[in-house]
Structures are given as C-alpha cells and as structure tokens.
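The following blocks contain the structures, represented as structure tokens.
Each of the next two complexes has subunit A plus one more chain, namely subunit B in the first and subunit C in the second.
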Partner chain A sequence: MEEEIEAQISDLSITKKKTEAEEEDQTLIFLDSVDDYLILIQTLSSTLRQGWLELASARHSMGASRVNTALLSLNHRSAATKLDLHYPHNIDGSITKSPQFNLCKWTSTDDNNSSMEKENIEEDEQLKENINSLESENQESSLESSKGSETVASPHKTENNFQKERAKVLKMFGTLVSPKLRASQLSFETALETLVKVANVRSSILEAHDALVKDTKNLKE
Partner chain B sequence: MYGFEAMTFNIHGGYLEAIVRGHRSGLLTAADYNNLCQCETLDDIKMHLSATEYGPYLQNEPSPLHTTTIVEKCTLKLVDEYKHMLCQATEPLSTFLEYITYGHMIDNVVLIVTGTLHERDVQELLEKCHPLGMFDSIATLAVAQNMRELYRLVLVDTPLAPYFSECITSEDLDDMNIEIMRNTLYKAYLEDFYRFCQKLGGATAEIMSDLLAFEADRRAVNITINSIGTELTRDDRRKLYSTFGLLYPYGHEELAVCEDIDQVRGVMEKYPPYQPIFSKLSYGESQMLDKAFYEEEVKRLCLSFEQQFHYGVFFAYMRLKEQEIRNLMWISECVAQNQKSRVHDSVVFIF
Partner chain C sequence: MANRAQIPTNNSALIAMIADEDTVTGFLLAGVGNVDLRRKTNYLIVDSKTTVKQIEDAFKEFTTRDDVAIVLISQYVANMIRFLVDSYNKPVPAILEIPSKDHPYDPAHDSVLSRVKYLFSAESVASDRR
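== the complex of A and B ==
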C-alpha cells in the first residue's frame, strides 16, 4: 500500500515536472514571439519613415506637378499584390486557430500575369527543394553545379518580372522617373512584407499565449 | 560692356530692374534657413515666415497647416510679383518674361493629359496646376484623345503651338507617348528661348546663353539617369537632348549609350565645369546629384546680378525664388515627418 502511494506520488511529481517544463517552453516561445514582434515593429517604423522621406525627396527633385495624388489612376485594374490567408493543419490533422498570412507580390491578372502567381510559388518551392537537396544529400560536384545554376536562374527571372511590374506601376508618375521615386517604391514594398511578418508573428504570439494559459491552468489543477 | 545698353536700357527696363533687385534682397538668408531648420512644427515655420515677406500670405492660414499649403502660399507670392512685372513690361521684356513661364505651361498640359488618362476629375487637376502656367483653354485639354487633337483643339492658340511640330502623331496618348511629348516640348521650348535670347544680343545673350546651356546639360543628365533600365531606346533618348549646351554634340553621343550612373559620371568628368559637381558624389551614388546641380545653378544665377542692364536678372530671380520655395517645401516635409536630421540633404543656401 505504501509502495503504491509512493509510486503514485513519484508519478505525480514526474507529471508535474513535465508540465512545468512544458510551461517553461511555452513561456520561452511566447517571449521569443514578443521579442520578434517588437523588432519587426521597429523595423516597420524605420522602413516607413525612410519611404515617406524618399517620396518627399522625389517630389522635391521631380516637382510637385509630377508627384501628386491627382496622378493616381482610377482606372479599373487587378490588384498588383495579394494577401492569402489560410489556417495550417496540425500534426494530428486538425486545423489551427491561428491564421497564416502569405503575400503574393506583383501578381495582377492583367495580360499574362495570371501565370506569374503560380510561377512565383513554383519557383519558391523549387528553390527550397534545391537548397534542401544540397544541404542534406551532399551530391557530386557536377550535379551540384547544375542544381546551383538552376538555383541562381530562378531568382533572376523572378526579380526581372518584379522589376517590370514595378516599372509598370510607377508609370502613373511618368516613364522617366527619378531613382528616388523608385527607392521610395522599394521601401514601401519592404514595409508591406514586414507588415505581413508582423501579422504572422502576432498570430504566433496569440497561439503561444493561449498555450501558456492552458498549461498554467493544467498545472494549477 | 557689350554695346550701349547703359545708355538706353533704363528707358524701358530701369524701373523693373530696380524692382527685381529689390525682390532679390528679400530672398531668405542662411540665418533665416537656420532658424527654419530648428522649427519643431509647421506652425513654428509659419511663425518664422511671418517675419519675412511671406508673412501676409500665411498669416490667415488656420492650423493645422500642411506642407502643400505653405508651398501654395509661397508660390502665390511669386505669381503676384511676376504679374506685377509682366504688366509693367514693354517689348521685348514682356516676351522674355512670358518665355520664363512656358516650362510651367508644359508641365500643366502634361498633368491635365495624364490625369485625364487616369480618369481623374478635371477640376481636381486644375487645382494642382502651377499658376504661372495657366492659360484660358487649359480645361479643354481633357477632351483630346491623341496629340493631333490636343494641338488642333487647344494648343494651336497657345504659345506652345510652335513646339508641337516635332511630336504630332495620331497615336492614342499613353504613358510613354506623354513622357516623350513632355520632353520633346521642353527641348523645343529651351531651343526657342535660346534663339530669342541670342536675337536680343548684348549682355542678355551672353548671360542667358550660359544659364540656358546649363539647363540643357542638366536636363540631358537627368533624362539619361531616369531612363536607365526603362524601355526608352538609345535613339529615343538621344532625340530628347537639346541641340545646344556644353555637352552638345559629343557629350550627348556618349550619354546616349550610358547604362549606369558611373558611366554618366565618366562622361561628365571630361567637362571641367561639371567636374566639381561629380567629385562631390561617391561612386554609384546619384542621391546628392540633384543638390549638387541646384548649388551650381544658384551660383550661376547669383552671378548674373553682378552685371547691369540685361534681362538675365529677371530669369535669375524667378529661378532663385523657385529654389527658395523648394527649400521651404523640403524643410516643411522634414519637420512634418520628424526627420530634422535630414533637413540639410536638400536645402541650398542662396546667400
């Protein structure tokens, strides 16, 4: 009897230690997420400040008649950049409560750009596969160089498409625009990417917070 | 001395030369700019400007101020001064003063046409036009579908009519055509202004040739840099350069084939007047090029006041005033965006 009680006590203490360890892990995850969030917010703030100043600099250089809100096009057109929202699956197949945001840049459906979205995703997947295969398999040099050249070619092609799309959007201010206006466009594009990261980190903060609260409750019980 | 301007200039131009020299002494000094750069808010800027000649124009503006309001009111002062001079001027000074505004007229035409292409309201576009470039039938520009109609319906009765002969086509207006139209018109305008000043002769021709040649060269550099990485072909780029200036013709040939800023630098450093400008820049950098060009322009404009009995002082004053308004715009933006550490990036002191 005493042995049974001792066994139960030791089981309970092991369970308690496990739960405390899990809680510590969750706390660490939560704090890491908050840290990432604060860093991203600061980055976003400085990127936006830089973008606004570059836009003012472009207006100073090109003149107020060339850079003003009256030139923004009101013609109907597809969005150049889209935001996808999805709920990833857990290991057990259930759907998580916290959403994931994914930015698809320069994917308007005008002209032949309807294939650009797929091209972006396919090329990103190809790139990831190539990197994984290089790291894990450690293939022969001839095969590695051929895969390396494919890895280099994909980002170049995507970047060229991005450059064309950027130039197309900037045409509303004229075809020959100052490099300052192009720099401003890049800054705002970076800010948009950072915003999406902020949204994803917020989502993970909320998830970590929920897990932490749940573990704390379990521990008290 | 070039001729006998000292004997006859003051008969018709003496009063206005005195007026413009008086206006010149009202331009903001380095001390004014230092005070403005230390302002914390746009209301502080308004308070500092109330002690200058801009005071009456800003005093009735309610808070909160916007940077565009400050620029608008300062521009109104320039327009009032210009109109006073124009209504007092006789030929050929009156034609000379009108030439100074044709650049703004071209900008307004392009603004209206571009805005209409983007389905913007005409009234909204008219509010954004520069007041020095307004003409009676400007609102009718919104009706035209191509350059031929633009010319036939509206511009044939404006001073810009002669400049259209090089760019009339029946193609529908799009972003590239409009850009080429803008630059072709401006090229034709500069060349016409240059010829007019040459006809006037004397000190006016000498001083204005230098100022307009600098303007043509600066335009060539800006067109080159702005067209790097765009669809504009080398031939099209070459066609946009003016047919006068220090860079004409050999510099233009080299600029036409430049693919990056360092190649542009390589071309410009062969010309001694432009070596100091490009020596201020580090390799691969073009951000400070505008400021370097503005500083050189201000130096040349100020030098034109050292001589009397010529019309160059009127052109110089208008350009210096526009530079002052650009400075105020930049200072206001830096203050509004809380970026005072960057205020000296683009402010060009005149005195």
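== the complex of A and C ==
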C-alpha cells in the first residue's frame, strides 16, 4: 500500500517536471520569437527608408508627374508576386492553425509568360545543338559541357524572367526610367522578403503565446 | 456542411496594402499589385482626404477576402482603426503593421506585441528597442 502511494507520488512529480520543462521550452520559443520579430521590424524599417529615399530621388529626376499612383490604371492585371501558404503538421500529426508563408516573386500567369517559356525552351534546344556540333569529336568533353551549360542556363533563365517581369512593372512609369526607380524596386523586393519572415515569426509568437496560456491554465487546475 | 473544417491546401494568395502613396507605389513596383475583372484592387492609398470609414471598409474587405494572405497596414493608419485591428484574431490573413515615412514604428502600439505584453513589463519592450 505504501509502495503504491510512493509510486503515485513519484509519477506525479515526474509529470509535474515534464510539464514545467515543456513550459520552459515554450517560454524560450516565445521569447526568441519576440526577439526575432523586433529585429526583423528594425531591418524592415531601414530597408523601407532606403526604398523611400530612392523613390524620392527617382521622383526628383523623372518629375513628380511621372512617379505617382495616378499612372496606375485599373485594367485587369494579376499580381506578379504572390504568397504560397503551407500548413505544417504538429508532432501529434494535427495540422497547425497558422500557416507558413512563402514568397513567390515574379510569377506571371498571363499568356506572355507561356510564350516566354516557349522561347526559352527553343533557346535551350538551339544551345544544345550548337554544343553537340562543336564538341562532336570528343564525347566525354561534350557531355560535361552540356551538363555545365544546362546548370548555367537554369538560374540564368530564372533571372531573365525576373528582369522581364520587373521591366513590365517599370513600364507603368514610362519607357525610360531612372536607375533610382530600379534601385527602389529592388529595395521594396527586399522589404517584401523581410515582411514574409515577419509574418512567419508572428505566427510562431501567437502559437507559443497560446501554448503558454494553455499550460498556465492546466497548472492552475 | 457549414461547420466542416476547411482542408488547408497550398495556394497562391495576394498581399493587400493600406498605406500612404509612397509605400503603396514601392510595393507595386515589387509586383504585388492586383486588379480583378471588377476593377477591385488589393490596395488602398491613404492620404489626407481618406476618411476613417473608407479605411475601416478596406480593412474589413481585405480581411474577409479568401485570396488575401497578408494585409500590410501603416501603423499610423492602424492607429486610426485600432479597435478593429486589435480585435482581429484570425491567423489568415496576417495583419502586419509597418512604419511609414513620417511615422516611425512604435512597438508599444503593435497589435501582436500588445496582445502578449502582459507577459512582460510594458515599458521594457518599448524602451530596450529604442
């Protein structure tokens, strides 16, 4: 009988220690998330300040009438930069309430993009033909160079697509735009990347906070 | 039927904005601008003529749209509709308060930090980060 009581007491103390350890883990996750949030907001502030400064410089060189939102038409257009949402699984297999946000930059869904992809495919095929005709005598070296050219072509193709999409947006402000406007575009792109990180950290703050509140209620009970 | 839980799927979603002209222009340069077939945009430019009602309506519209995942709102604009922003508690769309040119970010007013500040001293968050 005494042994049973002692076993129950030791079980209870182990459970209590586990709960305290979990609460400490949640507290650490919460504090780290808040710290990350504040640091990211500071980074965002400085990136935005740079973007505003470059935009102001572009407005100064191009003229206020060329850099303002009055030029934005209300013709139908899809956003080139969007977000992908992903709901990760918890340890127990359940799906989290807060999603993870992923930024998808410069993904165009209009017809121009499909024709652009076709052009890129034709260019790749032509590139391969040229390489094969030049390296036809030595088979080993032709294989290596075709592999190398394929690996160089993929990031080059992505960057080409990015540049084309950026140029499409810049066309709203005229054919010839100031380099400052291009620089401002890049700054705001960087700010977007930071904002997506902020959104993810915000999700983890709220999740950790909810877990801490739940643990506190359990302890009181 | 009405109470069935939605199955989360990967899908493309927009970033909505309620901010001053320069901030909106900058983010439109980054490619987030969207105009649908009904000529509805995913942004509201706030200037001296914009009323609080217009801001409230835009906030309510963006937070109820299925295709919006993040709503960016300048903190000084969020202060005009603070009650609405603080009472919003859904995970999606995420409401992010951002600084503006003329109004720097104040962590004491941030809706996320104000929700959790009772776990800290309210002064330590604002003072340590200045």
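By definition in this document, the second predicted complex is superposed on the first by the 168 of 221 C-alpha atoms of A that agree within 3 Å, B and C clash if a C-alpha of one lies under 4 Å from a C-alpha of the other, contacts with A are read in each partner's own complex, and residues count from 1 in each chain.
The rule is short, and it goes like this: a residue touches a chain if its C-beta (ideal position, glycine included) is under 8 Å from a C-beta of that chain, and two chains touch if they have at least 3 such contacts.
Everything quoted here is computed from the prediction, not taken from an experiment.
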>> Once chain A of both complexes is superposed, is A:K171 in touch with subunit B (first), subunit C (second), both, or neither?
In response: first
>> One more residue to check, A:W52. First (subunit B), second (subunit C), both or neither?
In response: both
>> Under the stated touch criterion, which partner chain does A:E24 make contact with: subunit B (first), subunit C (second), both, or neither?
In response: neither
>> I'd like to know which partner A:P179 touches here: subunit B for first, subunit C for second, both or neither.
In response: first
>> So in the superposed three-chain picture, is A:G63 touching just subunit B, just subunit C, both, or none of them (first/second/both/neither)?
In response: first
> So, A:Q163: does it touch subunit B (first), subunit C (second), both, or neither?
Replying inline: first
> Looking at subunit A, does subunit C or subunit B touch more of its residues?
Replying inline: C
>> Going by the contact rule set out at the top, does A:L74 touch subunit B (first), subunit C (second), both, or neither?
In response: both
>> Taking the superposition on A as described, I'd like to know which of subunit B and subunit C A:E6 touches: first, second, both or neither.
In response: neither
>> For A:L212, using the defined touch cut-off, is the partner it touches subunit B, subunit C, both, or neither? Pick first, second, both or neither.
In response: second
> Which parts of subunit A are in contact with subunit B and also with subunit C?
Replying inline: 52, 56, 68, 72-75, 172
> Once bound in the complex, which stretches of subunit A touch subunit B?
Replying inline: 49, 52-53, 56-57, 59-61, 63-66, 68, 70-75, 163, 167, 171-172, 174-180
>> Give the list of subunit C residues in touch with subunit A in this complex.
In response: 8, 10-15, 21-37, 39, 41-42, 45, 69-70, 72, 91-92, 94, 96, 98-99, 101, 104-105, 107, 110, 112-113, 115-116, 119, 125, 129
> Which positions of subunit A touch subunit C when the two form their complex?
Replying inline: 30, 34, 37-38, 41-42, 44-45, 48, 51-52, 55-56, 67-69, 72-87, 95, 97-99, 101, 104-107, 165-166, 169-170, 172, 181, 184-185, 187-189, 191-192, 195-196, 198-199, 202-203, 205-206, 209, 212
>> For the complex, give me every residue of subunit B touching subunit A.
In response: 68, 71, 107-108, 110-111, 114-115, 118-120, 124-125, 127-130, 175-176, 178-179, 182-183, 222-223, 225-227, 229-232, 286-287, 290, 326, 329-330, 333-334, 337, 339, 342, 345-346
